[in-house]
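The first chain written gets the first letter, and so on, giving A, B and C; residue counts start at 1 in each chain.
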Amino acid sequence: MRRTLKMFVLLLAFALVAAACSSSDDSSDTTVASGGTETTVASGGTETTVASGGTETTVASGGDAVEVTFWHAMADDLGAVVDGLVDEYNSSQSAVHVTSTFQGSYDDTFNAFTAALQAGTAPNIVQNFDLASQTMIDTGALLPAYQVMPEGQADTFIPAARDYYSDENGMVALAFNSSTPIVYYNAEKFADAGLEAPADDWNFSDFAATCDALEAAGTEFCVTFGQVGWYFEQILANSGGLYFDNDNGRTGRATEAMFNDATGVEVFTFLTGLIADGHAPNLGNTWSDTDSVFFAGDAAMIFDSTSGTRGFQDNAGFEVETAYIPHSDSSERNGVVIGGAALWLVDSDDPVTNAASWDFMNFMVQEDPQVVWHVGTGYFPVLSSLMTDTPPELAEFWVENPNFVTAIEQLATTKTEINGEPNYAVLGGRSGPSPEIRRLVVEAYSAVLDGGATPQEALDAVAEQVKTILADYNAFFE
Amino acid sequence: MTTADMTAADAQSTPLTVELEHDAEPTKRRFGELPIHLSLLIIGLIIAVPIIVAFFMSFTPLPEIVGRSDPKILPDTWTLENYDKAWRASPFPRYMLNSFIQTGVITIAQVLLSILAGFAFAMFEFRGKAILFSILIGSLIIPFELTFIPNFLLVSDLGLANTYAGLTIPFLASAFGVFMMRQFFMSIPRDLYDAAKIDGASDWFYLWRIMVPLSKGAISAFTIFAFLAAWNQYLWPLVITNEESMRTAQIGLRFFLVNQERATDWGAIMAGAMIVMIPTLIVFLVAQRQLVKGIAMTGLKG
Amino acid sequence: MTPKHSEESSVTTTSIKPQETPDTAPKARKPTWRHSGKAFLFVLPTFLVLGVFVYFPIIESFRLSLNRVAPFGGKEIFVGLNNYTRLLSSPQFWGTVKVSIFFMVGTVVFAIGFAVAIAILLSIPLKRFSWYYRTAIFIPVVISSAIAGVLFRLLYNPVVGFFNYWLSLIGIDGPNWLTSSTWSLVAVTITVVWRQLGFNVIIALAGIQQIDAQLYEAAKVDGAGAMRRIWHVTLPMLTPTLFFLLVVNVITSLQAFGEINILTDGGPGKATTNIVYQVFVDGFVGTHFVGRASAQAFLLALLIIGISIAQFKGFSKKVHYQ
C-alpha cells in the first residue's frame, strides 16, 4: 500500500519534471572560436604549444588527465588499428586521455554528429568524410585547424590532402585517412586471357577491350562494383569533368550540378553500361557484396577503395594486382580526388580541452602513426616527408607490397594544375548537401538499369533536383 | 467521432476472454484428420522456416556458410563460436542491458499509469471527463510518424539523446492501456465498489486491493503487449541513440549487420538475432494463451 | 498495431467499437471542480506524457512543415505551404505514394487472405498437435521488424541465401530479390506479410470461433458441403472481423519501416522507399530537410487518420451484425 503510494508520487514527480523541462527554452548553442589564447598541454615530457599570444593555459601532467572524446567511422580491422593508435597515444603520456567510439559508417557518423550538435553532446574530435566538408564548415561549431596549427605545418601534408581540406584561410581539418578508388584485379585471370597489366592512362575503350578478352577467356563478369556515388565522382574527375559550377564549388558556393554535361554522361554511360551489358553483376548500392563475387573468382576486376588493399591482398585465394581507374575516351587522364576522411576539431569552448584534442589529432598525423596506419590498412600516408624521405622500413614494405604503391602514385601523378591554373576537377565537388546529392546519383543508377531512362535523362533529372536542393541550402547563408 | 459514441462504446460489456479451444464447427471427418494435419504441418513449417534457418545457422561455422553452393540448413559441425563472436565483437551485453532497462521502464510506467487513469475514467465522475476521454481516444489515431520529428528535436534539445530517459520518456503513457483498463474495470460490477465504500474502504485501497487483483488477466495481457511493443521498438531508438553504448538490442543488431566491412559474417549475425529474439520468444512460449487471448480481445466486436 | 508496437499507435482505434447499448453507468449530478481533484490526480500523469509527446508535437510538426529548416543549427525560413505544393507536384513524392500503396495492397490481400484460410484450418478440432501448429503459426507475432529484416535478408541473399537455392532445386532461376526494383518490392512485402500473419490468424480464428455453431448445423441440414458452409456461413459472419483486419493491415502496412531499413534501405534507387521511409531519409539521413519531412509526415498522418475515421463510420454501416 505504502509502496504503491510512493510509486505513484515518484511517477507524478517524474511527469511534472518532464513537463517542466519541455517548457524551458531551447538552450542556444553559441560557439566562439577561441582565437588568441595559448594553451599548453604537457604530454608526458614533451610540451605542445598551441597558437600564439593572449592568455596561457597549462595542464600540468600528474594532475587528472584531460578527457577527450573521439568519434570515428572505422569498422572491424580498420577500427582495431585506430584503437591501437589511441591506446599508444594514451599510454605515451598522462596529460590527456582519449576515448574513441566507433559510430558506424561515414553516413552514420555524420548523422550522429549533426544530431549531437543539436543535443549539445558533440565529441571533441570527429572523423568525418570528404563529402561532409562544406557542411562541417557551415556548422560553425569547429575550431579550424589553421587556428591551432603551427605555421608551416600545412605544408608537411601532401598537396592533394592539404588542398582538399582547405578554405581560403588554410587547412580546416587534418587529413587522416585518405583513400582513392583503384582497380584490383585477379592476376591469374589476366594471365589466362593473355593480358598485360593495364596502362596507367587506360580509357573506356581500353577497358572494354580488356573486358572482351577476359570474358572470351571464360570469366563470367569482367568487373564488379557497388552502385555508390564515389566511382562516378572519381572517374568523372579523372576525365576532367566538373561536378558543380563555380569551379566545383571552390570559388563560390555551388549553385548547380555540372555532372550532366557531356563528360558526365559519357562516364555514367560507361558505368551503367557495364552492368546493363552484363560485364558486371547488378548488386545494387553495396560496399561488401561485391567482395564475395571477386573473391569467388566470378569477376576478374573490382573497383574499390585503396583502404581495402590489405584486406584484398590477405583474403583472396589468388594473386591480386592493382591498376589506376580508367578515364573517358574523349579526355586525357586527370587523376583522382583524394577521398577518405579527416579529423575535425570541435570547439568545446574550453581552451584546455581544445589543446588536449589538438595534441591527439596532431599525434595521429605524425610519421610513426601514419606508417602504422598505412601498413595496417592501405589508406595512404598524408605526409609528404614519407614520400620524399621514406624511412627504410617503409621503403622495404613498398618493395614487398607494390599494390600499396599504386594508390600513392595514382594520386601523386594527378594533374593538380593545368597551364598554371588549379585543376578544379581533381579537387572534387564541394557543397553543403553533398551527401543528399550523392544519394540522388545512386538512385540514378536504378533509373537507368531498372527504370529505362537513358544516362542523360537520369542525370538531367538529378541535376534538376540538385538545383533546388542547393538553392534551399544556400538560402540559409545569404 | 463524438463523445457520445465513445461513452456508448465502452459501456458495453466486452467479453474479455475468448475460449479458443471452443469448437465452433465440428467438421465431418469423412477423410479423417490426416489432410488437415498435413496442411497445417506444411503451413507451420513454412512460417517457421526463417526462424529455423536462423537458429541452425547461428551454430554453423563461417567457412561452411560461405564455402558451398548448396546451402544446407543443418550444420555439419556445430559451433558456439558465432555466439562468442556476436557477444564480443559488438557490445551485445550492453545492448541487451539497454533494452531491458528501456523495456522495463516503459512497461512498468505504462501499466501503472494506465491502471490509475483507467480507474478514474471507470469509477469517478469529474469535470471535463467526457472531453478528456475524447482527447485520450483521439490520440489513438495519431500515427507515430507525425510526432517523432518534433519529439526528436525536443528530446535532443533537452539533452536527453543517448540517455535512458530519452529512450523511454515519450512512451511512458499509453492511451490504449488506459482504454483497455477502463473497459475492464467497468465490467466489474459497481455493487462491489459501493459495498467497499460502505465498509469504509478508500478509493486507493479499493483500486489496489480489489480491482487490480480482480483484473489480473487484463493487466497481464496489457503488460505483455507493452513489453513486446517496447522491446521491438525500432524507429525511435534508431534516431534517438547514436552512441554505441546506448543502442538497444534491435538497433545494435542492425548496425552489426550493416557495418560488416568485408564479406558478411552471417553466422555471427544470426547468433545476434537469436540473442535479441530470445526474450520475446520466452514471453511467447510462457504466456502464449494470455497473449493470444489479449490479441483476440482487441479484434472482437463483442 | 498497438498491441505490438506502441510506436504505431493509430491502429488501436480499432478496438473501439460503436455500440448500440446505452451507457449504463450511473450518471451522478454534475461533479464540482473540488470533487474532481482526486480524479485529476489519477489521470494527470497520463495526460502530461501525452500532452508533451503527442499533442504538442502535432502542432509543432505542422509548424515545422511550414518552414525550411537548416540541416543544423535550427535556422528556419518561413515558406508557407511551399513544402506541400512542392511535394504534390514532385514525381519523387508520388513515387513514394505508389510504393506505399503497393505494400498496402500486397499486405492486405495476402496477409488477410492467407490468415483466413489458415484460421479456418486451425478452427477444425484436432485430437492432438494443435498446440504445435498454433505455436508455429502464431510465432511471428512477437518478432520485431528488425529481426524479420535480418532473417529475410539472409534468405534473399544471392550467395549464401536459401530462397534462390530452393528455387533452383525446382528448376527456377531465382530473381535478384533485393537489387531489382520490382522484386525488392515483392521481397519487402513478403517480409511484412510474414510478420503480420500471426496477428491476423489469431484475430480471424477468434472471429470464426465466435460464430454460432447452430448456423453451421442449419446449413448442414440444408445439405451444404464444407466449401459451401465456408462461403455462405463463415465468410459472411466474419465480415466484422475482416473489416477490422482490413483497417489494421492497411494502417500497419502504410507504416512499414524497420523491414525496409534493414532489407533495402529504400533501394534500389527509390524502389522501396515508402512515405514513412522518405520522412526518415529527409529528417535523419545525410543532409537533413526537417521541413519537407514534416510536411510528408503530415500528409501521411492525414491519410491514416482519414482511414481510421472512415473505419468508425463504415463499421456501423457496412458490416454484417448477427
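We adopt the following convention: contacts are C-beta pairs under 8 Å (C-beta built on N, C-alpha and C of every residue); 3 or more make two chains touch, one makes a residue touch a chain.
Note that the coordinates shown come from a computational prediction; the quantities given were computed from them, not determined experimentally.
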item: Greatest separation from chain B - chain, by CA centre; value: A
item: Interface with the most contact pairs, given as the two chains involved; value: B-C
item: Euclidean distance of C-alpha centroids - chain A vs chain C, Å; value: 39
item: Inter-chain centre distance, chain B versus chain C - centres from mean C-alpha coordinates, in Å; value: 15
item: Contacts with two or more other chains, residues of chain B listed in rising order; value: 66, 113, 116, 153-154, 169, 172, 239, 258
item: Where chain A touches two or more other chains, by residue; value: 11, 15, 18, 22, 26, 111, 115, 118, 292
item: In chain C, residues with contacts to at least two other chains; value: 45, 48-49, 52, 56, 159, 284
item: Chain A residues within the chain B interface of the complex; value: 1, 4-5, 7-8, 11, 14-15, 18, 21-22, 24, 26-27, 75-78, 101-105, 108, 111-112, 115-116, 118-121, 287-288, 291-292, 295, 308, 311, 315
item: Complex interface listing, chain A residues touching chain C; value: 11-12, 15-16, 18-19, 22, 26, 29, 107, 110-111, 114-115, 117-118, 135, 138-140, 227, 282-285, 289, 292-293, 296, 432-436, 438-439, 442-447, 449-451, 465, 468-469, 472-473, 475-476
item: Chain C residues touching chain A - in the complex, by the definition given at the top; value: 41, 44-45, 48-49, 51-52, 56, 68, 70-75, 77, 86, 92, 158-159, 176, 178-182, 265, 267-271, 281, 284-289
item: Complex contacts: residues of chain B adjacent to chain A; value: 66, 109, 112-113, 116, 153-154, 156-162, 169, 172, 204-205, 208-209, 239, 242-245, 255, 258-264
